[in-house]
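Naming follows writing order (A, B, C, D, E and F), and every chain is counted from residue 1.
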Amino acid sequence: MWTYDKFLEYPIKIKNSNPAMAKIIITQYGGPDGELAASLRYLSQKFSMLTPQAIATCNDIGTEELAHLEMVGSIVHQLVKNASLEEIKKAGLEAYYSDHGRGIYPVSAAGVPFTASYIQSKGNPIVDLTENLAAEQKARATYEYLINMADDPDVIEPLKFLREREVVHYQRFGEALRIVQDYLQEPRVIVINKPDSMK
Amino acid sequence: MWTYDKFLEYPIKIKNSNPAMAKIIITQYGGPDGELAASLRYLSQKFSMLTPQAIATCNDIGTEELAHLEMVGSIVHQLVKNASLEEIKKAGLEAYYSDHGRGIYPVSAAGVPFTASYIQSKGNPIVDLTENLAAEQKARATYEYLINMADDPDVIEPLKFLREREVVHYQRFGEALRIVQDYLQEPRVIVINKPDSMK
Amino acid sequence: MWTYDKFLEYPIKIKNSNPAMAKIIITQYGGPDGELAASLRYLSQKFSMLTPQAIATCNDIGTEELAHLEMVGSIVHQLVKNASLEEIKKAGLEAYYSDHGRGIYPVSAAGVPFTASYIQSKGNPIVDLTENLAAEQKARATYEYLINMADDPDVIEPLKFLREREVVHYQRFGEALRIVQDYLQEPRVIVINKPDSMK
Amino acid sequence: MWTYDKFLEYPIKIKNSNPAMAKIIITQYGGPDGELAASLRYLSQKFSMLTPQAIATCNDIGTEELAHLEMVGSIVHQLVKNASLEEIKKAGLEAYYSDHGRGIYPVSAAGVPFTASYIQSKGNPIVDLTENLAAEQKARATYEYLINMADDPDVIEPLKFLREREVVHYQRFGEALRIVQDYLQEPRVIVINKPDSMK
Amino acid sequence: MWTYDKFLEYPIKIKNSNPAMAKIIITQYGGPDGELAASLRYLSQKFSMLTPQAIATCNDIGTEELAHLEMVGSIVHQLVKNASLEEIKKAGLEAYYSDHGRGIYPVSAAGVPFTASYIQSKGNPIVDLTENLAAEQKARATYEYLINMADDPDVIEPLKFLREREVVHYQRFGEALRIVQDYLQEPRVIVINKPDSMK
Amino acid sequence: MWTYDKFLEYPIKIKNSNPAMAKIIITQYGGPDGELAASLRYLSQKFSMLTPQAIATCNDIGTEELAHLEMVGSIVHQLVKNASLEEIKKAGLEAYYSDHGRGIYPVSAAGVPFTASYIQSKGNPIVDLTENLAAEQKARATYEYLINMADDPDVIEPLKFLREREVVHYQRFGEALRIVQDYLQEPRVIVINKPDSMK
């Protein structure tokens, strides 16, 4: 289970409204390679992990992604909470405003509600950890696209932090994958991927 | 942000495989009225809450729902991890097994991947808190349907715990709603729901 | 069954094209808290209602929401039917035009096709009626957001009518909920929510 | 707008529970070629129809499909309302029961919630009416598949009625298509499908 | 199976960036009436076709639609590959860029990922071929809408080619339908659509 | 573009009906890690590849996945085409039959229509190729789950062939990734991932 800590993993202090940036940054809230996708993926996969280190990695990173989700929600919230309707319309955020006001709702930049179809949990640690390497790459690429389009340091700094954390996660999953591969090569009573037909 | 605690909110110790029960209990993992829907809803809505009490309620309950999500994942995992393929086929879980093995993946009982379309965050505390009352009702009803179909006390006990927590959440959201309604009736500089056209 | 009456519940006479407003008003045609969602929800739930008054309420309001759906379609249609391609592009409606021309198709403001995942029918009148209170709140909030962004009285007047009808529906569902709660408290042969295991 | 008539278009009087049949018949409630898809398609397309006859046809048939939707809901309801949990499990309806009890909710036989992606409204009467011919064919084929799997005359009779109505609809849309094609061949001031670039 | 030929069915040589056009043309890549929908529909239906001519038609046209899919991808790619971020933002393509950079991903103009819910394969040749007539009509209408909004001959020429091929496909499916209808009218040992109950 | 060759990549000759196996094998037609997902992913990504070898790999493997898609469709078709309705019901395939008869339609084993949300094309070769390694792993795992549940050699043989091809694809994508990484390390005029802000 989790204890909620009443502070963000990294401070978000945005002074200027920018609904145009909010419109795209929200894709790391509810989009295909965002923090919700990441957290849900790792916290679901953990049940199938074999080694204590892999289980802990999934729990840790899955938990950190929740903090990232909270950060992204804070960024979007601060970018729109004081925006006037005129600014919202000018930024192309009027479609989102019609259904969610200035609230936070999990969608991609296009406005498509989050779907678990974005992620996979295959019941197989090698497969899952490889999926996670790809996931962290995709998340990092998205942060780079978002940083490309931002110009406010208040926004760029936390996005850069989030991008760097993806790099660290990539390394940790790579390490977990190596450990699981080693574990599976040693002879054991229960071996993964033996066909269930051998009973 | 969150700290992960390495224990479940309520113990899950299931001695007997039962993939047929796993097949339906998973709906409280990834289904329309399940714990993921609940957690995501409350943790998203918190950004729009007006009173400290409402923000805290959304954070607390949203965090507890994560623990519930973990419990439901544990129940499903324990019900299938030792099930043979024959049991899996007999239980009608072969479709799930084809795509996820014995892993945990967020779907409804029907096998439909989770979608944020199940939830709403409207940027309006009164509306959101009313939504939450309905959500807790729906979650409770689902637990009752699941309990109706279960016969293993190892399964029924945690399901009953989860159902009772929904009742408590319902009461807490009702309280939060009353406090927000009172707050909004007092005259203030910034009043919610004044048309943005009055600028 | 239904008889079609060849007039709108409230007149729609829009003199000026405005594809930008059409783009967002269509969310009450095919969006999460729109008239299609409402109608489908109530007309589906009616099969599980216990009291004649609740069944009638679901039928009445579900039928009225169809009239509202027709009104929203008329508003959108009148806002685009004479709009030039230049106006359509300028308004950001070119994506919709590519797939639907100037026709009416059930999407949210973001362009996401309607999904029944937006609604619930739980087979339990108390739960369903609570869901309906929340639904009417959400619909009303959406109309307020749309009214905030409108400036043409030809558009604002019918939107205000639709918003006021949501308030009336909210009250009627509240009344139906109270009647069902009273009904369920009186002792009867068949009692809802008794566990099916007691047979 | 519509007036609700408190009787079904065709009587549904089912004496025997059969949740296995309910499980598949519901696809004509919320599935790809069902009555909701049909009604929504025609009532949306009507805004783009050119001739009074085509508009009337869309309104009439769209309205009749609502009556059919109500019939299908009644069939499913009567097949499950007295079914015991044992019968429900045996029939493979336990997944649906977990999320909806014995209520009515718009899904396909597979349990996938209805999506407007099943239908199209193209803003072009010729295209739309051709789509409708295909839609009526698909609906008819589904009724034949359902009739193939049914053995209770109480169920087969209304299904046959519904299938025959699809045949009538097919003919009426064919007629509407011919009239619109004739209409479009006569020289007029406003001609459909002239490129908008000619302004 | 297929052999890949390293040339496009029709040359695409676009000299000028235009992310605004890319934004809508992509709907024929991943949208409801696009080339992916078409190809997938015909290549899936072929398994149920009765006559050699119908099977061949589905294979041929399904294969040609793959070439069209490739053409549409090339058009979009050439329209964005040299576009600056400023042009991308100005064109309203920043949402797509956030999740896919300048890559090609199957979405509609609105940004909704492709879903097979757009198509049907009914296991019945008459129904399927009627569906295909409608599909070709809808595809053609979309190309006309796109051509309406384009002004670059480098873009209009291939779009016109694609539109004309839809007309040819419509005619070929009409022919296949007639042949299948004739085939089914002649008496045979195996007759399609006889109720399976006659065994 | 493509030329259609009128033979399967690997022969499918299935002598015995088995709708229960068809029900799950179809997940490699329309499911999250199936052949349609694979083909669509690689043929979409090719537009963003940098090296001739990577482009060719995407085209080759994407084209081979089409042949695999055709094989899976053939397997499912042969498993159901002669199955009686009784066998279909007993196998739990009656839901699929209601909407598609004995036809082939792209769904997962659960009956969920294919969605492009299963795949990603990120506009970045390193990211895309890493995604592809994970995709091939997931496809292979699915084939192992299916082989676990099969007992007919006519079915197991082609499934094993398909699984082995995934292994080969994994190796080819690994090789392509290494070549692209080398390419990107050498100094060049056009460098990928330089922030667009440097203009």
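Rule of thumb we're sticking to: a contact is a pair of C-beta atoms (placed from the backbone, for glycine too) under 8 Å apart; a residue touches a chain by one contact, two chains touch by 3 or more.
Just so it is clear, the model here is predicted, and its values are computed rather than measured.
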item: Any chain in contact with chain E as well as chain F; value: A, D
item: Chain labels contacting chain C and also chain E; value: A, D
item: Duplicate of the E-F contact set - from C-D, C-E or A-F, the pair where over half of the pairs recur; value: C-D
item: Geometric centre distance via CA averages, chain E-chain D, whole Å; value: 26
item: Whole-Å separation of chain centres (CA-atom averages), chain A against chain B; value: 20
item: Between chain D and chain A, distance of the C-alpha-averaged centres to the nearest whole Å; value: 40
item: Contacts with two or more other chains, residues of chain D listed in rising order; value: 32-33, 85, 92, 99, 101, 107, 110-113, 115, 117, 120, 122-124, 141-142, 148, 196-197
item: Chains that touch, pairwise; value: A-B, A-C, A-E, A-F, B-C, B-D, B-F, C-D, C-E, D-E, D-F, E-F
item: Chain A residues touching chain F - in the complex, by the definition given at the top; value: 32-33, 115, 117-118, 120, 122-124, 126-127, 130-131, 133-134, 137-138, 140-142, 144, 147-148, 193, 195-197
item: For the chain A and chain B complex, residues of the former touching the latter; value: 1-9, 30, 36, 40, 43-45, 47-48, 59-60, 63-64, 66-67, 69-70, 73-74, 77, 84-85, 99-107, 113-117, 120-124, 128, 196-197, 199
item: Residues on chain D engaged by chain F in the complex (per definition of touch); value: 20, 23-24, 27, 31-33, 92, 108-112, 141-142, 145-146, 148-149
item: List of chain B residues in touch with chain F within their complex; value: 85, 89, 92, 94-99, 101, 107, 110-113
